[in-house]
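Below you'll find a set of structures to go through.
Here come two complexes built around subunit A, the first alongside subunit B, the second alongside subunit C.
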Partner chain A sequence: MKIFYFEFLKLRKKSRGWIGPILVFVLIMTAFPLTVEFLNEDLDQAFFSVLWIALMLVMMLATEDIFLEDYNDGSLEQLALKNQSLALILGTKIFIYWMLIGVPISFIGSFYGFGITRSFDLGLNILPILLVTSYIFLNVFSFGNALSLTKGSVLGTLITMPLVLPLLVVLGKVVISINIGLNYFGFLALLLGILSIIIVVIPLIISFIIRAHLE
Partner chain B sequence: MKTIVKATNLSYKINEKKLFQNISFDVDAGSALHIKGGNGTGKTTLLRMILGISKPTRGSIESFAYKDICFTGHKNALKQYLTVEDNLILLSLNTHINLDKYLTDLDLHNSLDVTVANLSFGQQKKLALLRVFLNDSDLIILDEPCVGLDSNSQQILCFFINEELKKDKCIIFSSHIRLDIEANILNLDKL
Partner chain C sequence: MIKKFIHQFASPKTYLFQVTRAYPYIFVISILIYIISIFWGLFLTPEDFVQGNSYRIIYLHVPASFISQALYGGMAIASAIFLIWKVKLSAYLVKSIAPIGAMTTFIALISGSIWGIPTWGTWWAWDARIVSTLILFIMYLGLISLHDSFANYEKADKFLAVLVLVGSVNIPIIKMSVEWWSTLHQSASITISDKPTIDPSMLYPLFGSMIGFTGIVVCLVILSSKLHIFVREKNKSWIKDYV
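Right after this comes the complex of A and B.
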């Protein structure tokens, strides 16, 4: 619980770290209808593509310096010395990022879905998908940033980008299912399955990578 | 006396350059080890091996400490954008019974609401050393703890270390400055 509180305190005081990505997301989602045509009736056709790509880009942005600051100031070194599991600490850190960035963005995304498609059900249906997907993205991009900790975040993003592309395919199928009224819970279960593996495996891998960087 | 750190035939090579080889030492509870040597002789590397962060090229090192190791190194592990008080919360020291005493001794008691970025280098070092002064460890490792400290703070640190030794704690430190601490000396220059 202490780690949870400490990470929350740090991120709360470093507001640019979490407000920035949320504002970028709002900006993209607001600018999108303006660039097509404000009253275009087919706006919702392209909406979901923009939504998923915006979500991916913003999660990428949010994890840009997730470990870098702690690495530079020596905090990661101190964490590695604790008897507590480093993987657990890092997993908690990613979870806090999701709470402060992923969750608000999911609600905002759902709200935009409702606004643009004018369908309350659709807006509500994409909320769990957004919540799960944002958490998966955060984990994957955190892994990339750990890999390129001392080499800049662009390299890490390039390495991990191929990992999230299949996810975009699944997200496309989800939207088709929702639009034609099919049951989309199978896809949601698939995403939850991916998430359940990722939240265990990725913090563990990141902890090994960080120990290697510290050495 | 119980051995806390045991190193056997330690060697370390970086880019084919041998930093040190075949170092062996034991550090018991209630005793201190002062690692000396010029720049680039491997003092920090040796300390990082004791911490378990770096691995020796050859040999082995074992730590028998039960609790978390207390360590301060070149990096202070402080959050520059947080106040002194927030940093103390992050270090879980804000409710420590001796906090006020050391804040007063180190002249930090008036800086609780100051952002760490606005503290001088020496003040930041003193804040980082609070982790040592308020420690709950049986093994304390200090890498150049006196860098940036004024003479009064150095005296407080030496007095504190001597008191900790009386409590059977094991202390390993590197320092260029001669400190008034009874310690075995490991001189990496002479190896």
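Right after this comes the complex of A and C.
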């Protein structure tokens, strides 16, 4: 609980770290209708593609220096020496990022869904998908940034982007299901299944990588 | 027991001497099998009823696609061995296989594109199988970049092995993409459980080309791994004696 509170305060104080990605997301979602002809059906068609890609890019941006500052100021080394599980601490850190960045973005995305498609149901239906997907993205990109900790975020992006691309295919299927009125809970269950594996495995892998960096 | 066996028979020194001895045989046999299969496939098999002569690119496309996924599988196994038993040779092999994997995936993509023009009327489609193969190609490039970005080889080996293992989740997706999604790409003609849906006159040279191509790729992996061992073990006394 102490770690949770400490990490929360740290990220909250670093406003650039969490407000920045949210604002970028808002800017993308606001700017994209300017590139589409102002007919509602065109906007509807383009909306989801832009939403998923914007979500992915913003999560990538949010995790850009998730471990770098802690690595540079020696906090990661201190955490690694603690009796507590490093994986648990790192998992908590990712969870805090999700709470401060992923959750607001999911609500904003859902709001845009309602605003652009003018369908309240659709806006509501994509909310759980956005919440789950943003958490998956945060975990995967944190893994990439842990690997390329001292080598810049471009490398981290290059090595983790291919891992999340199959997820975009699933998201595309979700949108088709919602649009034609099919039950999309199967896909939501699939995403939850992926998430439940990822939130256990990724912090363990990241802790292994961080320890290797500190050696 | 397993650890002792691996350490005894998978030292870079033993590997180098063994593969140097086996290399000429594998190379000659593979080249012969591949040339015979290609000749058989190009000149002795009949035209396809639907695709005409364009189908003959399968003697390059299918082996390249098969081996590009198999190499990743091999890398994943080698990575697991490296992380569990700390076998250096496994790490060397992972690093050596990555560029060969990228090359075979590139061949699969290009040959698929060439085949796509007469059969689908387009050289590229945003189809699940094609896109997942492109992802595999990008993954290979990412693996090469990751290893090259670290000056410390020990760290690079560890990170590479972790990334290979995590990335291996994509292999079943690529393999099953033609079953899970409705795609333009045809489903597999040869499976373990079912009878092949391809005529035997085309099947036998295809098997031959796959064996020959695999042998050639094994030779490339041997050359690449030998080079990597020379670089990594350059200060060891045995390597000076070997050279």
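Quick notes
In this text, the second predicted complex is superposed on the first by the 211 of 215 C-alpha atoms of A that agree within 3 Å, B and C clash if a C-alpha of one lies under 4 Å from a C-alpha of the other, contacts with A are read in each partner's own complex, and residues count from 1 in each chain.
By definition in this document, a residue touches a chain if its C-beta (ideal position, glycine included) is under 8 Å from a C-beta of that chain, and two chains touch if they have at least 3 such contacts.
Keep in mind it's a predicted model, so treat the numbers as computed, not measured.
By the touch criterion defined above, A:K14 lies against subunit B but remains apart from subunit C after alignment on the C-alpha atoms of chain A. Touch criterion not met for A:V170: it reaches neither subunit B nor subunit C.
By the touch criterion defined above, A:P162 lies against subunit C but remains apart from subunit B after alignment on the C-alpha atoms of chain A.
By the touch criterion defined above, A:E215 lies against subunit B and subunit C together after alignment on the C-alpha atoms of chain A.
Contacts of A:F6 after superposition on the shared chain: subunit B is touched, whereas subunit C is not. By the touch criterion stated above, A:D73 is placed in contact with subunit B alone, subunit C being left untouched.
In the overlay built on the shared chain, the residue A:L81 is in contact with subunit B alone; subunit C does not reach it. In the superposition on chain A, the residues of subunit A touched by subunit B in one structure and by subunit C in the other are 215. Considering their complex, residues 2, 6, 9-10, 13-14, 72-75, 77-78, 80-83, 211, 214-215 of subunit A touch subunit B. Residues 128, 131-132, 135-136, 138-139, 141-143, 145-146, 149-150, 155, 158-159, 162-163, 166-167, 169-170, 173, 181 of subunit C are the ones that touch subunit A when the two sit in their complex. Residue ranges on subunit A touching subunit C, taken from their complex, read 143, 147-148, 151, 155, 158-159, 161-163, 165-166, 169, 205, 208-209, 212-213, 215. Here subunit B touches subunit A in the complex through residues 51-55, 67-69, 71, 73-82, 86, 89-90, 92, going by the rule given at the top.
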